[in-house]
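Chain IDs A, B and C follow the sequence of writing; residue 1 opens each chain.
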């Protein structure tokens, strides 16, 4: 395992690496001896949207937390590199991270009700990053907050400015979260299941809004999602995660319409589509982190598994414009 | 989900051990508390055999003696053997502590259950009575009650029990109300489970463990109150071997014979700490908020 | 002709909200359900679909007898649910099972799975006391779980396992009707697929009548042969699943369909705004405020649920002609 990571580090930095906004290389995260994230390699160009997709326990949210420095040493053991605009994040101090979060990196959480502070008006909460990161005056904050609320489609923003979160509906709260996340025109937006608590109709509105704002600011976005079809609709690229590894990564239409990895194929056959005759569930479940199989982590559940799959981890290969980690790609 | 494998292995243990003993044994401080309390209980139970003297036998010739071979912990101003009095005192303290809490618990839980389950006007009346009881600090309430009933061990138990009815009733009612609103109660009703069976099978088991934890903590309060009342002279009557009385008695000789107050004082302090340790341990072991399958 | 199990006759459910002023008490009426007419026959599988706040859950609570209807009647067979005698109530409890959205919360956390599953069996005296363990094992096997789980507590099971246990418990009393509230929401897709397949097999094998609440049209189409779309306490469209999905006639149904994430179509925020509060309902069609093809008549006339074909009903003055 060490040998492989040394090899990976020796690969010369490709030219496009300079241009990418976020560059994750052989990033591993261990908690209490269990490898929660295993050699994640990803890159994100400016203006691109990436979807992290997988079942719960796949490590999607852990990766997102690590990206924004909410999970770091000594709490967990970290290996590999995370570069944001060329800055190595793993070496960053907490104070510097704080300057990044909410400023250059905007965050949207799943549960807006829990993420918003019930004691402050939404106006104050939108103004907070403006004051902290941009140093705007109180009146400028207010004006900008109204502008932001308008941009996320909140009717009568001047009146809602002094509303408390509980006075707004779930959809409206999520819009406030988006306004806060976008307050400082971030270059990267990280959205962890932003719509899974909402109705489909509101989900479509919110997703459209996020995409619209991200495009208007020419930022990049990472979506943590469990809904594959939604991923196909909102993401340029998709990274399918399984048990802490990326098993397939590439342009979303290719990954989701003609998946190569058996896990992606399995996931897709479980998705309920309109008028679908049958669903084929993947047998079994994600193994516990402290009992991961030695070879391919998906092998115990894989219909194509053979002897080698249980023994050796498949290397990531480039195939048909995407990265796939499987021994038997058709 | 990730614990699926190791759980089935540990599953062999019998249900009682798994449910009560194992989680409790995981709390180290609780084990320490339990051991100390067991020692006290043993001392109390075997006091007649362990004691070297009659605890109430006075020997003025041997008064105010320090620890010696004849009197291991010394004697008080009446020449009574402190070691023997300490053992019998433990008996009294534990009996009064547990009996008063048990009485208060039974009455309080009954009131709380009735209030929480019946609701409406019954609840209002019961809870106003409880409010009345809770308006007085425990010590004041017990003092007033002793003043009416007169001195004596039995009356002390009733007085203390009365002061515990309020807290137990209030707590039980709160828990019952909370459990009653849980979906599984409605689900049971929907399945056609009779009301009494719902109370017995679904409500009670879910309110009982916080009440027991509370009871554990209350025992220490009861012992403290009992000693306090006796110290003030409105508890048990001398020459009954009681720690509170012993401390009060030694007050006048604190400079020349500090062991008279010191010995029962230290014994009381250690017992209270042990009871609190056990209480905290019980809470940590059975509170659903801290209970995790390890 | 199949036997009718449930019939709802113009059912209404009104909540009275009191706002206490200093000197006078104002009350407002919240109509959670308004004029619901629904018939459920033996072997039907019906999905109640709509956004949160559309009244789906209230409707199912009424059908379970957990809440009384403010107006209209809920009939179970020939009996009015509001006036069941003790005998009939007991029969109803056995024949109609409910699976809660919060499956874990619907189980006593201090009871073992074995006892949870045995409770309804014992309650309705469905078999001899000695035969109960075997019966419980058969139940857990039926939902595809190992018998080893029987000695566990609900808190020790995963989300998918708990949902299956909830299904097993619903089956324990050998019901004719199963009602389920969002029983697959929040599950991972592969677990969701397992639970959906299980429910579908059960309905097909044992001819159980199913009422399934969901906000997910995909789930509805997979499980149920009929769909009723609810909006603000009213059924706006009802009919066979296939017809509704291929040719939605109500603009709300069409919008729901478009908002449903799919691989072969771009993201489409088909509906503006949010479901309004049912406290102050507009005069005309209650969907008018969000409807893409609203006309002046819609603001005046409240459209009744009318028959389009013998099987399909829609409540719209100008039903959609061109499918999406």
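What we mean here is this: a contact is a pair of C-beta atoms (placed from the backbone, for glycine too) under 8 Å apart; a residue touches a chain by one contact, two chains touch by 3 or more.
Treat the numbers as computed from the prediction; the structure is a model and nothing was measured.
Annotation of subunit A and subunit B: jointly contacted by C, touch as defined at the top. The two chains most heavily joined by C-beta contacts are A-C.
We define each chain's centre as the mean of its Cα atoms; on that basis subunit B and subunit C are separated by 51 Å. Centroids of subunit A and subunit C (each the mean of its C-alpha atoms) stand 33 Å apart.
Subunit B has residues 1, 3-4 in contact with two or more other chains. Multi-chain contact residues, meaning those touching two or more other chains, occur in subunit A at positions 285.
Among all residues of subunit C, those that touch two or more other chains are 158.
The residues of subunit B lying in touch with subunit C in their complex are 1, 3-4, 7-8, 11, 182-184, 186-188, 190-193, 201-202, 205-206, 288, 293. In the complex of the two chains, the subunit C residues touching subunit A come out as 51-52, 158, 160, 186, 188-194, 196-197, 215-219, 221-222, 242, 245-246, 255-263, 265-272, 274.
Interface residues of subunit C facing subunit B in the complex, by the touch rule stated above, are 64, 66, 89-90, 93-94, 97-98, 100, 102, 105-111, 119-120, 123-124, 148, 151-152, 155-156, 158-159, 173.
Within the complex, the subunit A residues that touch subunit C are 55-56, 169, 171-172, 196, 199-205, 207-208, 211, 226-230, 232-234, 256-257, 266-267, 269-276, 278-282, 285.
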